[in-house]
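Structure incoming, see below.
We call the chains A, B and C, going by the order they appear; numbering starts again at 1 in every chain.
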Amino acid sequence: MSCTCGENNCNKNSRRDFLLAGLAATTALAGCGDGKNPFAPEQPVALTGEKVKLLSVNGEVIEIDRAFLKPVPDMPHLSNAEERRGIPGKKFVMVIDLARCKNLRKCQDACNHMHQVHPGQNWIKVLSMEDADHTAPYWEPTTCMHCDEPPCVKVCPVDATFKRQDGIVLIDSDRCIGCRFCMAACPYSTRVFNWDEPVLTDAVAAQPYSCETSMPQKKGTVGKCDFCPDMTRKGELPHCVSACPNGVFMFGDMIEDSVTNGAETFRFSDLIKDKAGYRLMEDLGTKPSVYYLPPVNRNFPYESGLENEKTTDAHTHSK
Amino acid sequence: MKKLRLNKYLFLAFTFLLLQQLQVAAQSDSTPAKKIIKLHYFNVNNSMQYLLLESTLKRGKVFSPQQRKAYALYLDSSTAGNLIAQLLTDENGKAKAFVPIALKAAWDATPQHTFILKEGDDEVISDYSISKAKISLDTANTDGARSIVVSVMKMDKGQWQPAKDVEMKIGVERQGSILSAGDAATYTTDSSGTVSAEYKKDKLPGDGSGNIILVAKAEDNDVFGNLVIEKKVAWGVVTKVNTTFFDQRTLWSTRFRTPYWLLLMAYSIVIGVWGAIIYLVVQLVKIKKLSKEPNALP
Amino acid sequence: MKDLTVSSSEQITSDLLPQPFGRRGMIWTGTLILICIIGAFAYYRQLRYGLVVTHMRDYVSWGIYISNFVFFVAISLVGSLITAIFRLANVKWSTPLTRIAEIIAVSAIVFASLIIIVDMGRPERFLNLFLHGRVQSPIVWDVIVISTYFCISLLLLYFPLLPDLKILLRFKEKTGNALNKLYRFQGSFWTGTKEQFRISDKSINILCIVIIPVAFCIHTVTSWLFATTYRPGWDSTNFGAYFISGAFLVGAGAVVVAMYVFRRAYKLEKYITELHFEKMGRIVVLLALVYVYFNVNEYLVPAFKMKKPEEAHLVELFAGEYAPMFWFAILVGMVLPIFILLFKKGRKPLPVFIAGIMVVVGAWFKRYLIVTPTLLHPFLPMQNVPDSYRHYFPSWEEWAIAIGSLAGALLVITFFARIYPIIPIHETITEQHEKAEIE
């Protein structure tokens, strides 16, 4: 797996591992009778039951489960019912800062790569937007909005797409019949369809299907951004959030009232209030979970994003 | 003459093609690949400690993890008796090592240690040094203003001395990150080895009992590596897990939570119409039975 | 007098017996079978390679399969119109047309279900609709009403067929052994007693009453596949009534075409008379006028406002890429037939037949205009996609399958007319008797 991230990212990776280690440590200590950590990920690590002895900083002998010997401990296998219920007590939300976007498409590359999206299709679209004739053009990345009143879920005839209690809308590619009603219903045009046999690596094709990783994709079913619930269960951030070098994507939990782009962390309510956050197509009543911060005090001029533009897109700028 | 000239042209053409191939081959490998191997030491809550190895290959602007590469990690000297662990990187190019109990004597001997990483017979890293540190986190409440006091100590000549200029993040543990306690992004210890962070995040949501976890972490410090300490306090707002949104019967719920009005409409229409159809099929059966009667006349 | 009636009924019977195919019939059937085979091969390719063999892509995710589906559902409403409504209203002249209307309805609804399965990305998971069906979804409503309508239409075809089966059983030499066995299996229990007739008449009455609301449901629910989305051109409260009025029109057009073809092919001039064309012509005019009214509502009102998402869509229909097709559908599908049929000379069999064809062809294009242009005007601009995603013209596989489904529907009707009398024999005889008694 190649990551096309900048140097910064590898540092971010180590910081996340650090935090994961902290969480793992507390869970391990909890196993030693320290009291349950209320903010540990809802699904604990898949413990093997086998204990390993190691040396502490003070030269004492401590025991931890063998599962923590891995840099990223294995998570326990989730049943389809658990994947459909989601993580209780959380309400995932994303904030996209339009003032920082330069159309680098690193988010798109990371997401397409990690989910093995069919070449030519994108789960994240970075759109060149201009709301009206005399208003400023800007770059707008769009993901699935994970609406609280999702029109796609309303019309699905077989419960193949569903809303979980943590706010995430997922697709079950084992259930989907490929009627594409959800694609017609989505006003954000965020869903893509596997018209062809998906192009997968052998490793991914051999995996059992999981709604949370949305892999392996299947021919004749629908796919879309899934807010990477497999990453959030491990305490990590979705791939687009970590891939963006400008910190455009901020991901977090509305109930915890915090969002982060890996480097900076903000209180969600303060951020939306201070920067006048808004949602797309609010008047349709879909109640999306993705907030946008308006393109004010831009980090980059709009034109700097044109270098990355594909010629086919240049003809279809909005308005 | 003609043959000579033909041969000359063939020779030139051949050389030209050969050079082109070489050029192409050279271009694909022209960007040199650089190995980036990093070691990080972690001290968690003054107890658990481990080392994280990251092995990546940088070609141009593209980073790719070096998977399934074998390394050997040693404590202070690269002799067999000082082997900490044999490492094999996973698909992300990472590996983790804990200090084994066998090295207790060597570990307790000095406050400062050097970690040596060997790849085969080459020493890839030979100068990663860590000093033992102790980090503590306390809370203070002066006139209603809460603050977090973090102090870092290092072992020096058998005694714990204050460690100054240690930069760290101090705040509240959140999903995938730390929310800074006050306005600053980081806090640095002063000459007394302590730093105080004013806790300004009022009414922050906590768990079901109003608890939040305060975290202080120093990232990749030159002397101490990574230090992290956590403490649970009841400074948060009590937040109960509320499933009423998810459990309600709406048009976007699963089929097990269909709104009652829709169920009523759908079932009454279906029962009404299919009741009529079944009745009609019964009538057909009746007609059929009538044909078997003795006084059935055409 | 009595002798006349007896020979009349024999005459009627021999006229209306199903006839074997002549040369033209063979060519017709052969062509239809060939088209179906090509369609089946195209579907095999689609099953093997996936829906990528079509030219539907992420933006235009519904193409001519769906517009064909809507077209079929629309035509299938004719069963309720001609058969049910006319029967309940005691319209005597409609008797020869009831079976034609009913078989068009049954055939159309069968192929509507087939074409929707063809459109599915995972047809092998069809059972999921029943095992995991969500009652909140308009597609599940559509599945329920379509299967209900199919059952009712079959029954409405079967009950009046019973007396005719008894008549057919008498003509073993003419119909042949195989067909005779079929008739015996289907209707040997019918002996024609007063009691049997009483039950049958009551049942037909109940069917006629029940089928009308179900027919309304079927096309309203199909229209809700579009009206329950936010898209410009689909987000309309008008859709239920608009679709139903269109369905009645195209159904009446289809019956007129079928009337003319059967009249010519089986020499049924005595039974499908010029009076029938006169009456059906008037009905088609009425239905076309109602449909024009709904079209005006559907297009003029949003055009007055020109809301941003709808502006590009409407301009494209009126004056842009889809303008030729749009005006064709309006003029040829609605306006011209009205003008032809308003005049008495226009209500002769041939002009009515031509008007009927115009209505049906115009209706097919109208359904295409309802489905595809809207999808080319999403709310967010079409960017970050390959160029082929921005346009839609069906691939050869899609054309083959769509035309194959139309051919299949015609094939079912053709075979039905070969096996059963296309005009109800018994009811025609009964009516002649009643007329004679009055005279």
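In the analysis below, contacts are C-beta pairs under 8 Å (C-beta built on N, C-alpha and C of every residue); 3 or more make two chains touch, one makes a residue touch a chain.
Small disclaimer: the values here were computed from a predicted structure and weren't measured.
Centroid analysis (C-alpha atoms only) places B farthest from subunit C. Of all chains shown, A has the CA centroid lying nearest to the centroid of every protein CA atom. Of the two chain pairs examined here, A-C and A-B, the one linked by more C-beta pairs in contact is A-B. Between the Cα centres of subunit B and subunit C there is a gap of 59 Å.
Subunit A and subunit C have Cα centroids lying 48 Å from one another. In whole angstrom, the spacing between the mean C-alpha positions of subunit A and subunit B is 13. For subunit A, residues that reach two or more other chains under the stated contact definition are 154, 159.
Those residues of subunit B in touch with two or more other chains are numbered 251-255. Within subunit C, contacts with two or more other chains are made by residues 132-134, 136.
Taken together, the subunit B residues at the contact with subunit A in this complex read 36, 38, 40, 42-50, 52, 54, 56, 61-65, 90-92, 94-96, 98-101, 103-104, 107-108, 132, 134, 171-180, 185, 201, 204-209, 211-213, 215, 217, 219-220, 226, 228, 230, 232, 239, 241, 243, 245-246, 251-255. Considering their complex, residues 49-52, 54, 56-59, 61-62, 119-123, 125-126, 128-129, 132-134, 136-140, 143, 225-226, 228-231, 375, 378-387, 390 of subunit C touch subunit A.
Residues of subunit A touching subunit C in their complex: 108, 120-122, 125-129, 142, 151, 154-160, 175-181, 183-185, 187-189, 191-197, 219-221, 281, 284, 310, 312-313, 316-318.
By the touch rule above, subunit A contacts subunit B in their complex via residues 1-5, 10-11, 13-19, 21-22, 25-26, 28-29, 35, 37-39, 52-62, 64, 68-72, 84, 88-90, 148-150, 153-154, 159, 162-165, 232, 235-237, 251-253, 255-258, 260, 262, 264-267. On the side of subunit C, the complex with subunit B involves touching residues 132-136, 141, 144, 148, 151-152, 155, 158-159, 162, 166, 188-193, 195-196, 199-200, 202-203, 206-207, 210, 214, 217.
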